[in-house]
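Quick one: the structure is below, and I'll ask about it shortly.
Read from first to last, the chains carry the letters A, B and C; within each, the first residue is number 1.
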């Protein structure tokens, strides 16, 4: 297979396959989690403002009192790379063009140089986060193969994307194909790894907030 | 004039000096000493009986009595018996006797109350139906005052 | 698989619900829960990381409830939960977890870890892996009526004592009283002054109340062990009594888990809601204060701080009331760092203090509480849970700190003038 065939494949059948698996996986996982349901809480509820599921969905994005100083890298690094990823994926003009082709809608993007700056910051931050996972005793203790694997799954699309834009490492066509392949791998594995938190974080925060809100405790 | 109720009892105790309070309190506690077999408690009482105790000696025996008290708490969820539990209140009473910092406190009254609870524990264990500890304490106080 | 392990696994499968599935699926191994847990912060041992305490349950979830997990199991790629593993996890699930709930409020993805530990304990209890200390307490509660073997004659002896001391009659089995007062074995045995305090306060507030001869024990060891069946038996005793006596409100004593058991879990254990309200004594005192029914005299002048019992404050939502009450009788009340919602556990809740083998660990963990005291340097500590009081006294004793610990209800009662027998409301 030459580089053009490779690129054609990842843009065509590969993409279709990845998106199909992604969508099916998301659906199956969401169903198998939330269909378990939960028992109704029959205890006397307490109505306290600010104590509810939806409140926690938003509030939990901020560190709890006294926690930021315990692990600044977790919070600050986490914010930077999540926001960085969002900016790169949704505000980089070539990506917007891709979404336009797929979904028929588009929106304004950011200047490419700004996106590149964000990319570098994101790459560096993700390396710092990797180092933290290796050196922090708790993170190291908890980490399994899946943690390293999902880090790579998330990092490689960013790195290969940057390399492609800069025409580095491999000839452009190949680099671009590799980048798309990395994205496809990310899509395929996302529903079946901890990366699925992208979808379940809302449900988890909501349940936590609801159960505690019933008791009148704002979490 | 004989003491007949708690109001009089408390007021009379308050008129005593600290050293006198310690001595009469020790007399109260001696009545229930049998409910505890902790040597630190006995040591505290012996010390309190003396009229000439120094601050340093008081500090040492007070610390030991307090440790005895904390150690005799019934632990949450552990099986316990009331006779042993009485020991906690004997310890509390002994702690009152040798408490170093007693400005404005009626330590003898505190000790007397704890002794009564110790008696109640004894009653709860089923061996005794009721007790007349208060009356016994009035008698001890009147006797002490008449000397 | 032994019969009891099979039972345990079955129970674990039953308790896994959508929240738990969502939580396991959201965990990103960030380890922040460890930073909130005093057993990790004071020992530095990562095995005490809260989410790690649930590892067997997580595997079970994967193997039973996910397509991928079930596939892996089919082709022999999954590791089953074993007796030995549950045995190993006993320390993590009981000795090093007081159900304090700090982990649940810091997890960035929103996991309610303490909720999961509670459920895991159900499985541990069914498989016979709960610690001996709590098992005994639970059995005694069922057979004798109290985890510590306190029987009615003992309660009656205390009642007589209070009546003699204060000249106030202690009502028992009075139908139609507004409040049914529950006690905890810890208080009956270690802090009998509590009953007198209640009598004085109710008398001044002019409220009708009663004890119940068939249900005086609020402590729920079933909750701590994680056995819902046991918890239910204990709760139903109270519910029957409350309904038989037609009271409006049941008052839970100064015991953290009694409140959780009755107020927050009770209805779910019984499968129906109650016809009466359940309030913690501190909530009731807070209400009385608001209504102007507490007329206290004088103030404590020494430097006081307040330790928030986890089940009352963070888990139960009663945080402001104790502060209002403190300010009513204390001139020099200072808050420790992290006071209120984020306060640190005393280290002895959730049944932990009943586990002898866990004492060394508890003393380690107590360093956190000690650091809070060191920061604020109080003359005395006030709290509203009999177990916290004793755990803290033991910890203070261990570290040779001379710091008395007192109960809030008693402190309030101390500032109520000598009782004048008032007629109850409505008579």
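One rule holds for everything that comes next: a residue touches a chain if its C-beta (ideal position, glycine included) is under 8 Å from a C-beta of that chain, and two chains touch if they have at least 3 such contacts.
On a predicted model such as this, the values are computed, not experimentally measured, just so you know.
In terms of inter-chain touching, the protein chains here are arranged end to end in an open line. For chain B, the chain whose average C-alpha position is most distant is A.
One finds 67 Å separating the Cα centroids of chain A and chain B. Each chain gets a centre from the mean of its Cα atoms; for chain A and chain C, those two points are 38 Å apart.
Centres computed as Cα averages put chain B at a distance of 32 Å from chain C. Residue positions of chain C touching 2 or more other chains: none.
Those residues of chain C lying in contact with chain B across their complex are 133-134, 136-137, 140, 147-149, 153-154, 157-158, 160-161, 164-165, 185-186, 189-190, 192, 219, 221, 224, 348, 351, 353-354, 386-387, 390, 393-394, 397, 402. Contact residues on chain B toward chain C in their complex (touch as defined above): 6, 66-67, 70-71, 73-82, 85, 88, 113, 116-117, 120-121, 123-126, 130, 134. Considering their complex, residues 16-23, 25-32, 34-36, 40, 44, 46-47, 49, 51-52, 65-68, 104-112, 115, 263-268, 270-274, 277-278, 314-317, 338, 341-342 of chain C touch chain A. Those residues of chain A lying in contact with chain C across their complex are 28-29, 32-39, 41-44, 46, 48, 51, 56-57, 60-61, 63-67, 70-71, 74-75, 78, 136-144, 147, 192, 194, 196-197, 200-201, 203-209, 211-212, 215-217, 219.
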